[in-house]
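What follows is a pair of complexes built around subunit A, which joins subunit B in one and subunit C in the other.
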Partner chain A sequence: MAPTLILSRALSAIVTLFGVMVIVFVLVRVVPGDPIAMMIAPGASDADIAALRAHYGLDLPIWQQFLVWLGQVLLGNFGTSISLKQGVLTVILERLPATLELAVFALAMALVWGSFIALVSTAARGTLLEKFIDNFNGVMLAVPDFIWGLTFVLVLGVFVPVLPISGRSDPTIDAGLSSQFYILEGVLRGKLLFVWDVLKHMLLPAFTMSFPLAAVIGRVLKNTMMDVMVQDYIVLARIKGLSSLRILLQEALRNAAVPALALTGVQFTFLIGGTVITERIFSYPGIGNLAIDAVINRDLPLIQGLVLTFGAIFVAVNMAVDALAAWLNPRLRHA
Partner chain B sequence: MPKDFRIWLGGGFILLLLLAAIFAPLISPFDPLEQDLLSATMAPGQDPSHIIGTDSLGRDVLSRLIFACRIALTVAFVAATLACLAGTFLGMLAGYLGGWWDATISRLIDIWMAFPPVLLSILLVAVLGTGIHSVIAAIVVIDWTRFARVVRAETQQQARLEYTEAATALGMSRGTILFREILPNVVPVILVLLSLEMGIAVIVEAILSFVGLSVSTDTPTWGGMIAEGRQIIYQAWWVLVFPLVTLFLTVLAFNQLGDGLRQWLDPMLKR
Partner chain C sequence: MSPVIDIKHLSARSAAGPILRDVALSVNAGETMALVGESGAGKSTIAKAVLGILPQGITVTSGDIVFEGKNLLTLPQRELRKMLGVRIALIPQDPLTSLNPARRIGDQLTDGLRLRAGMDGKTARTQATRLLNDVQIRDPERVLQRYPHELSGGMRQRVLIAQAFSLNPQVIIADEPTTALDVTVQKQVLRLIRDMQRNHKTTLLFVTHDLGVVAQVCDRMTVLYGGKVLEQGVVAEILQSPQHPYTQALLAANPRYDRPSQSLKPVPETVLAALKQELSA
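== the complex of A and B ==
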């Protein structure tokens, strides 16, 4: 990638993150009135309050307050969670790995599932199977993940109980891991039985989150592949006697992948947003579930920290997608 | 008369829900809040008077389902209409006036849509507090862009047509042209969006009441019933299944109605 492109992308990421910070500051600090009221533990003395007020510079004008607040946030000082009585950063870092592993797993599933749908439906073009897959794709897209998740709970967790529907791992298994990256650390340490258990717990929530994304990927990939399949070089490949499967995978899929991947990046942020409700349905201990508890308890320091965390993830994902797109599409490299 | 069966099917189901919501006290077999611990978690058909069973507190599931239509439809109609009014107004201004107006509003829409809706709704409910007003406010604040984006493009198109030019030549004021001439031609698009938005609003309300951020728990809601059902899912699946199916059918009905309307109202697709 050209250095100027990297610079401009990084700059726009910083601007976006700054925008998120301004919104959070306005909503959390200015709208509800006295910000001190949400930072102190209940029952603090007047002297403590006055000290805190001076510490956070609340006698200053509002733009200076914003700068002070920004400084604190950049130093990682998000304050103390009211409901959990722990540092906000500590709480978030403890729960974040669970969400990250789930989101990445769901993304991988959506990519595999979406490509599979597109490949089968392209290979079967003109037949009843294609019609069936297209209709199924429409249903996957039209039904919201909230309903999918609960349906999976009901069908695969209760009626035919094959998969766990709550939590992240079997509490009776003590893997003795030191980090919260269960899959990553489990694989590195060779605790495959534990990893298998964690994967089983992740399967239904990840499936729920991957469904809408897989439908979108499947549709776009199929449309581009159908366009590609009538191109001259596909005809040439056929004349050369390549097998249909090889043409489909090597020629069509490779050329159709770029637009689908660009779209995946945009949709991935929605998938991460979807963790909030999916984690709730499956009692999964990630930051999405934490966010809902924070709102129910009106734990404003925690909400503030979580929104900034989500914002940072979104910005990071967007940057990664831009870089990936530039790497895949040579024309963008010098744009 | 529209021939499309989707309009009749979707519209019919919504009408049914509407009637159920209005006449809820008359048609419900029980008081939706009445607890009867002696007949708790009764399966459907176990007691002929509780047709689809009771929940963990012995409340009649059918009666709660019927009363919950009230919240769902109120949120659907009010939130979608308000989002529609705000989005349409801004979209028409941007599409017709162009220039500085268009640049500002379009930029605003872009920024808005880049911000993930879940985050925005969490922040809004956190600041506004829970309750039906917050739910409606959150939906309006988040979803006005859906209308604004489409209405802007449609208005832009209409503004380029001959009839707008003729109206300008006749010396009509810009306000008259916008609301008397262009608006009626944008209405079909708005109606389709409105129907789809109602489906979205129903889901958002269900999600927020599922996680306990909507109305207080004494008021029956589909989302609240689903949350209760989720907790006792191994003992009483029916507490979750019936509101879930109702929710699904409602969303489906709004979607089908919207798709049917699109087909019926769009002369381009009719051919």
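== the complex of A and C ==
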């Protein structure tokens, strides 16, 4: 990507994040629920409540509160969680790696699974197998992720308990890692048994999140593959005597991948949004689960910090997708 | 001289009706045979039948296409694929859509050399450079690094010509190879195809609707209408004294650049009516 393009993307990212900050800040203050009411001991006097409110700055006008928060965020201070009594940044950074590893794992599964569906279905076009795959894909598309999650818990966790259904790793294993990137650090340090345990814990939540995404990728990629397969250069590749597999992977997939990839970027952000419910179902200690706790406790600084984190992830994902699309489609490089 | 491609009693139809009617066509080694006719005459269908890429909905109802002792119509897909690219190649109609937009010229041009002729990457690249030289592309090393969208239409057609000749096939089918090009570029590309064909002693099946092109590059010609062969013979003789009324009308319809004041002469209704009667008989 050209430097000017990167610069303009960075600028629009800043604008986006500012918008996110304004919206979340206003929203959490407009919706019902009072953090102070969650904190006070029964029987506290009105004076006590007012003092507490003043302590957290919640007695100021909303625009003033926002400016204070904005100023502090720019200085790198995201405030203190009301319910956890810890720095918001500390709390988020401690939980974020768990969510990132889960989301990337789920994305990888969705990509593999979705591409597989699309390629087999394209290769089998005109046969019963194609119809079967397309219909199966329709079912995957129609069922929301939390239904898959609950089904997995019931079937693979309760009826036939083959996989763990809660937490991130077996608490009896102490791997002695220094970071929260269990997979990454575990692999780097060669603690493969521990990595295997973490993977087993991630399997069901990752499956849950990847199913709808895989179905979308599969459908879109299949459709674009069908469009590409009738192009002149595919016909010519056949006349060059290239094998069907080579035509599918070398000639068609790269051209068909661009629209599917752009869509994957958008859908990946949905997947990250989906971590909130999925992590809850599987008691997975990531920021999604943290977000639900924060909302239940009306923990305003933590909610703001978390939404800002999600916003930053979305922006980063979109930029990564643009870069990838440019790499895949040489015609976009100078655009 | 035994023919290289021998098409006998070839008939094909679609849901809408017959596409080819008992076509007989033999092309001798080293010659250039023109398939001439207006849209829907069946010239492209013949080319596609030879290459085994007839679109769905068109079925061959009878006939043989014999090439190197084998009937291409009954040959298993696998056997046909072994021949395609190596023994039979295609120069496509539209250079703008016939190159893969996501792959570099060098990679596409060397597909055949690497995968079919078994060359290693470096040898294939050297050979590709030589091929681009042959089709008069300047600075071939740089062009190999380019993507299709970075080349002009004429350049892309040269690349496709180089690719068709890359494995020195016995037969090349040129499917209206200059239709999508500028008039000025057309002339150069035609001359190039003719020179390459003579140097490689390739047999060329040249599909076109342009009689000027036929006069320039072809040895013999087959005139088609409605899927039926009307006239076949040496180009010079047919252009001199066409036998079939349709061919006569076709020649008269050719605009005269030296007499721009003369109005265009479409094929007369009487000729067309007679043709329709001939076809339905």
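What we mean here is this: the second predicted complex is superposed on the first by the 294 of 335 C-alpha atoms of A that agree within 3 Å, B and C clash if a C-alpha of one lies under 4 Å from a C-alpha of the other, contacts with A are read in each partner's own complex, and residues count from 1 in each chain.
Here is the rule we go by: a contact is a pair of C-beta atoms (placed from the backbone, for glycine too) under 8 Å apart; a residue touches a chain by one contact, two chains touch by 3 or more.
All values derive from a computational prediction rather than experimental measurement.
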Combined model on subunit A where subunit B meets subunit C, clash or fit: fit
Partner chain in contact with A:Arg125 - subunit B first, subunit C second, else both or neither: neither
Touched partner set for A:Val307, first subunit B, second subunit C, both or neither: first
Per-residue contact with subunit A, leading partner among subunit C and subunit B: B
First (subunit B), second (subunit C), both or neither touched by A:Ala291: first
Subunit B versus subunit C as contact partner of A:Gln231, first or second or both or neither: second
First (subunit B), second (subunit C), both or neither touched by A:Asn255: second
After fitting on chain A: smallest Cα gap, subunit B-subunit C, Å: 22
Contact set on subunit A toward subunit C in their complex: 231-233, 235-243, 246, 250-251, 254-255, 328-331
Residue ranges of subunit B touching subunit A (in the complex, touch as defined): 111, 114-119, 122-127, 129-130, 203, 206-207, 210-213, 226, 230, 233-234, 237, 240-241, 244, 247-248, 251-252, 255
In the complex, subunit C residues that touch subunit A: 51, 53, 81-86, 88-90, 92, 94, 97-103, 111-112, 115-116, 147, 149, 160, 163
Contacting residues of subunit A [partner subunit B, same complex]: 16, 19-20, 23-24, 27-28, 31-32, 142-144, 146-147, 150-151, 153-154, 157-159, 165, 269-270, 272-274, 276-277, 280-281, 291-292, 294-296, 298, 300, 303, 306-307, 310-311, 314
